[in-house]
């Protein structure tokens, strides 16, 4: 079985989850419209980080599936659980947007919840990849070296979000800044070619 | 006429219905955010079961259409009615999530409604398959044996959800546990290769 | 330019519009959940008719574009205006669902608005088709006879919805019954093969 | 890497953003339903302009990617930022719809915000295109002349929306009329063939 329909379905979930994020952005508080639009800045921050982070995951999904030559029931299931995390994204994003403005316990809860969600997503993403890459089971013959490189990068992903989650307990602005830095880091061009 | 565009359209409806589920997940009740996030557990349970159940239907849709070589007006219509059930899913999911927390008549109603929806969906899914598989009308020549195997599995699907519906009248937790067990069962690897 | 990406984009809009319909279905009124679910019947009726009607338009879109061999700027624009009608569908559907239950002026307004929307959609659909079929401009050489048959069927579509709109002024139940009959009629198998 | 999956994903975001617009259209104010439907005219105007403007951007995206023969990490990122603008669209559209009816400071804010959003979108669109077209880096050999023509047209796009933004400070009706005129202008057939 080729990976084509799996990729189409995944693209659909990515595209929808990423586009539903906007439904949670609304003018905030009272006063003039200009004031309400400015007061909605936490929504914009949460929108931006979530969109870019998931966008990068899509770009990488794109790249890693070009190395996979066939699917198994196990890969379909692992990818489905990963997509369940992606589709869940608008919820923690909304929670973060609603509580980012006022420092306090709820703000900490929101930031930790948001980053823990990214951590869980990264774990299921790695699981999906390992299902295909373990012993090069489903990797195209010409892609073994590239696959090993991807595997190394994946092991770096989950710890980053674990750190961001733990930082969130101490300082919400630092955790959010770390999320933003990770997003920008992944947006930068890379020396290695294809992903 | 090939099945390609039918599959693309179906993938779209699956992907959207599955992703819209999150719009119904919200923090629940009062108190601290941490408390509200915990109190929203019925939403998470309903999200999880609906996502995985529909995800499995997508995986199977993927598998059975690889056995079908052409479409007819009848198959398009049967598939459309099946997709109408899939697209309806966010409604019973929301109803279940809203009433799972408090035991009582409404909780029973919600669990029965939820499982009856799965029963109707399974019936229309079987109808779609039979439209193609009856006397191997639209089955690829090399797929007759695999198609017979799929047909046998389909006859097991509807009764499972009929049982879950009936169990719901007696015990809501038992019905939900049964839904979860069915989802996990279908997620497990199977001996038979392709679906 | 081939019609492939136009069809993909159209499929996306069809699939999303048809799936968003469910967001407007909610338990209605007070009392027990069972009562609320029953009282929501106008939502189910509106959902059913809108889903099937748009689903049929998708099936036909599928069929007519298999006769079109290339696109022009004019065809892209005509199809875009038609998709604007399709994407607008959840609005009149919600209006109908909210006012179907109580006889009176608002119920008449809702039914007329709903059917007038179908009329406008049918007109833009015909316009899209004529842009391609006029003098067989964009029709595949082997499809001229089939295209003429499609053209004849299109001229029947708009008057049906004009009649349903006018009937709505006199009797809402009759207009809705007519919409349902039209949907069932198009679902039935047809003697002519492919659409 | 071919552009195929990038185009599929982009089509998904376009299709979803354009279809979510309808969720913001609702009957407005009190009185009879007929009155509420008429009073909702600002929603219809905003829906129409946003749908057509984004629809045209999709048509052009379609055209310019037929000239691009491969993707780079940079092009994926630029296109992702452009899609972030497209997905953001339902928010300024809602803001405009809510404040179009009553003249005053908030109406001006809404019109300026709406047009500034189009300006930012046009800038990221141009950036995406330049990433591919600069020195014909990713352009198919046969498309160099067509690409130069597209580049010239792009330089006209951003200033149009800058002007509309500035006009919004002085006169909201004039700015909206300008948006409408731009949309109609792009809908018109063009002498140059394919885009």
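By written order: A, B, C and D. Residues from 1 in each chain.
By our rule, a contact is a pair of C-beta atoms (placed from the backbone, for glycine too) under 8 Å apart; a residue touches a chain by one contact, two chains touch by 3 or more.
Values in this document were obtained by computation on a predicted structure and should not be read as measured data.
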item: Touching subunit A and also subunit B, the following chains; value: none
item: Chain separated most widely from subunit D, comparing mean CA positions; value: B
item: Same or different residue numbers at the subunit B/subunit C copy interface, by half rule; value: different
item: Centre-to-centre distance between subunit C and subunit A (centres being mean Cα positions), rounded to whole Å; value: 37
item: Gap in Å, rounded to a whole number, between the CA centres of subunit D and subunit A; value: 26
item: For subunit B, residues that touch 2 or more chains besides their own; value: 8, 12, 16, 20, 23
item: Graph class of chain-chain contacts, one of line, ring, star, complete, other; value: ring
item: Chains touching one another, given as label pairs in label order; value: A-B, A-D, B-C, C-D
item: Subunit C - residues contacting subunit D, complex; value: 1, 5-6, 8-9, 12-13, 16-17, 20, 23, 73-74, 76-77, 80, 83-84, 87-91, 95, 99, 105-106, 109-110, 113
item: Subunit B-facing residues of subunit C, complex; value: 7-8, 11-12, 14-16, 18-23, 25-27, 32-34, 37, 47-48, 51-52, 55-56, 58-59, 62, 66, 187, 189-190, 194-195
